[in-house]
Amino acid sequence: MATLKSQLESLMFVANKPLTVKELADLLKIKTAEVDSAMDELSLDYTNAGSGLQVIKNNGKYQMVSSAENAAVVQEFIKDETSGELSRPSLEALTVIAYRGPITKIDLDRIRGVNCSLIIRNLLIRGLIEEKADKEKKESFYNVTMDFIRYLGINRLEDLPDYERLHKDDTIDKILNREEPMEIVSDSI
Amino acid sequence: MATLKSQLESLMFVANKPLTVKELADLLKIKTAEVDSAMDELSLDYTNAGSGLQVIKNNGKYQMVSSAENAAVVQEFIKDETSGELSRPSLEALTVIAYRGPITKIDLDRIRGVNCSLIIRNLLIRGLIEEKADKEKKESFYNVTMDFIRYLGINRLEDLPDYERLHKDDTIDKILNREEPMEIVSDSI
Amino acid sequence: MEFRSEKFGGPLELLLSLIEKEEMDITEIALAKIADEYIAYLKNSAHIDPEQVADFLVIAAKLLYIKSKALLPYLSTPEEDEEIEELEQQLRMYKEFQEASKGLEKMLSKKKFSFVRDLGKSGKRRQLFVWQKFSPPKNLNKEMLREHFDYILGFLTAEEIELKEEVIEHKISIDEKIILIQKKLMDKITFSFSQIIRESGNKTEIIVSFLAVLELAKQRELVFEQDGLFSEIFINKLN
């Protein structure tokens, strides 16, 4: 329906921040599935029309942003000086979280073979990852944020090279699910 | 040309304020007439597609706004944003700003251990805090607003309960003086 | 050697770079071959973050086992062999993500960023949106602010203490442990390994002790003696 898509477009424009599927569904009094399908359509419209806008989807949230194609002229206009440079350990941790998120700290530690407490703290403070606590499992899960995806110039994590394979890799699952795969001696901070 | 239209769209979106034809022409290194004709086209596209966005021209300036048809749902969103209880993280940030203000965003981020951009945005929108720029240090400092102080039923911050003790507690100084390898990638809000 | 001055983000990164330098695949043989180099790097631990020492040592212990197995194959047990297999798998998995991170680095370097609507650089009383207005939450009073601030201070104090403890914990180096054991050997010609374990404060120190003893054996300052599998190991001074 044209109107629904149009309403979503207006809301995302005005909000200028990530909105959850649920927030959007509640505002428009529709089902979350309807939000998702209208958003998919809108995103496709933008791509097909070569629009200057795009919709990023991440972790159950949507955000309207300028298209990555026009990065240079926009960066010049707002005098943005973001370099996109990251230290190797930060980049490595972000890669693991991007491909395997939502991921626990212990799994991140296992993949990198080293305690990642300080890196996690650093990435949280810089807004490149976010933490979600699962109260039942008493565990925290980490995901990359919209901001990090904005720097990559993609619409969703599924657009990352080799995403499907690394996200679902059986061998990785097996290694991570082992009872005591690797001992991390120092405790988390 | 699709690219020109797309670039204008990105610029208008990001600008978040009216832009003169000349500004746009200079940025894209084209003639003002070209800007006008691409803008007419974009405006027509929006109308034909029943888009949730529209371009308005006023006094030789262009601005992107949400479409008038969706005013009702946009109002609903704004109401949600500016009413209701504060989330616990927002309340904690507000508390830190009250007792420790004036405080920079990065210090607030480090005290809270997460990036506070969205929280600061929310507190600013609700008029609970205000921002002051220090031009020399190129930093912004946050304080609670006079409106908020009066709302609490006091005349000045020093009248907050236990202000003297809590304002001077050195726990926070210790955290802030801790060495932390911060790679600053962005300077968002 | 150049690699010794490089700083590595973790033990797996170091391992992988050593193996790749030798142009070998990730196998048990490769791991046995680079064990010495890995430990040599560890000794000059100036480039290892204190909070990562333990993680580097765990891998060191595994490498030493692999090396000893190459020399004395009849000593191996199925459980330990499984551990080697796990290390190999872990290393292959790490390699995948390391390669993926290079892909991400490339994407970031293109600077094809998307942007949100600009909220302007800071200014006096910055207005983010036209619809911004004073709208306080309903149930908030000054007492609640005090309670929240006290809570935050309590939380931060606990965090600060934890951090301090963590830093103190990793202060024993292999070299210090070697000197300690050498001193012990001056007093006593023979003593048991379990005695060393008893004197170690934590897991990290046990691993450091183990590495120190192996190093002294290599330098021919001591020899081991063991009657049978799992029985007490005795350390005897040489000469």
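Descriptive notes on the structure:
Going by the order they are written in, the chains are A, B and C; count residues from 1 in each one.
Definition applied: a residue touches a chain if its C-beta (ideal position, glycine included) is under 8 Å from a C-beta of that chain, and two chains touch if they have at least 3 such contacts.
Keep in mind the model is a prediction, meaning the values are calculated, not measured.
Relative to the centroid of every protein C-alpha atom shown, the closest chain centre, again from C-alpha atoms, is found for A.
Among the other chains, B has the CA centre that is most remote from the centre of subunit C.
Centre-to-centre, using mean CA coordinates, subunit A is 28 Å away from subunit C. Distance between chain centres (mean CA atoms), subunit B to subunit C: 41 Å. Subunit B has its Cα centroid 21 Å from the Cα centroid of subunit A. Looking at subunit C, one finds that residues 115-119, 129, 159, 163 touch two or more other chains. Residues of subunit B in contact with two or more other chains: 10, 13-16, 78, 121. Of all residues in subunit B, only 2-3, 5-16, 27-28, 45, 49-53, 64, 66-67, 69-70, 73-74, 76-78, 80-81, 109-110, 113-115, 117-118, 121, 180-188 touch subunit A in the complex they form.
Those residues of subunit B that touch subunit C in the shared complex are 10, 13-16, 78, 82-86, 91-92, 94-96, 98-99, 111, 121, 124-128, 130-133, 140, 145, 147-148, 151-154, 159-162, 166, 169, 171-172, 174-175, 178, 189. Residue ranges of subunit C in contact with subunit A, taken from their complex: 9-13, 51-52, 54-55, 57-59, 86, 89-90, 92-94, 96-98, 100-101, 103-105, 107-119, 129, 159, 162-163, 166, 169-170, 203-204, 207.
Residues 13-14, 16-17, 54, 56, 63-69, 71-72, 74-75, 78, 80, 82, 84-86, 88-89, 91-92, 94-96, 98-99, 110-115, 117-118, 150-154, 160-162, 166, 169, 171-172, 175, 178, 181-187, 189 of subunit A touch subunit C in their complex. Those residues of subunit C that touch subunit B in the complex are listed here as 115-126, 128-129, 131-146, 148-153, 156-157, 159-160, 163.
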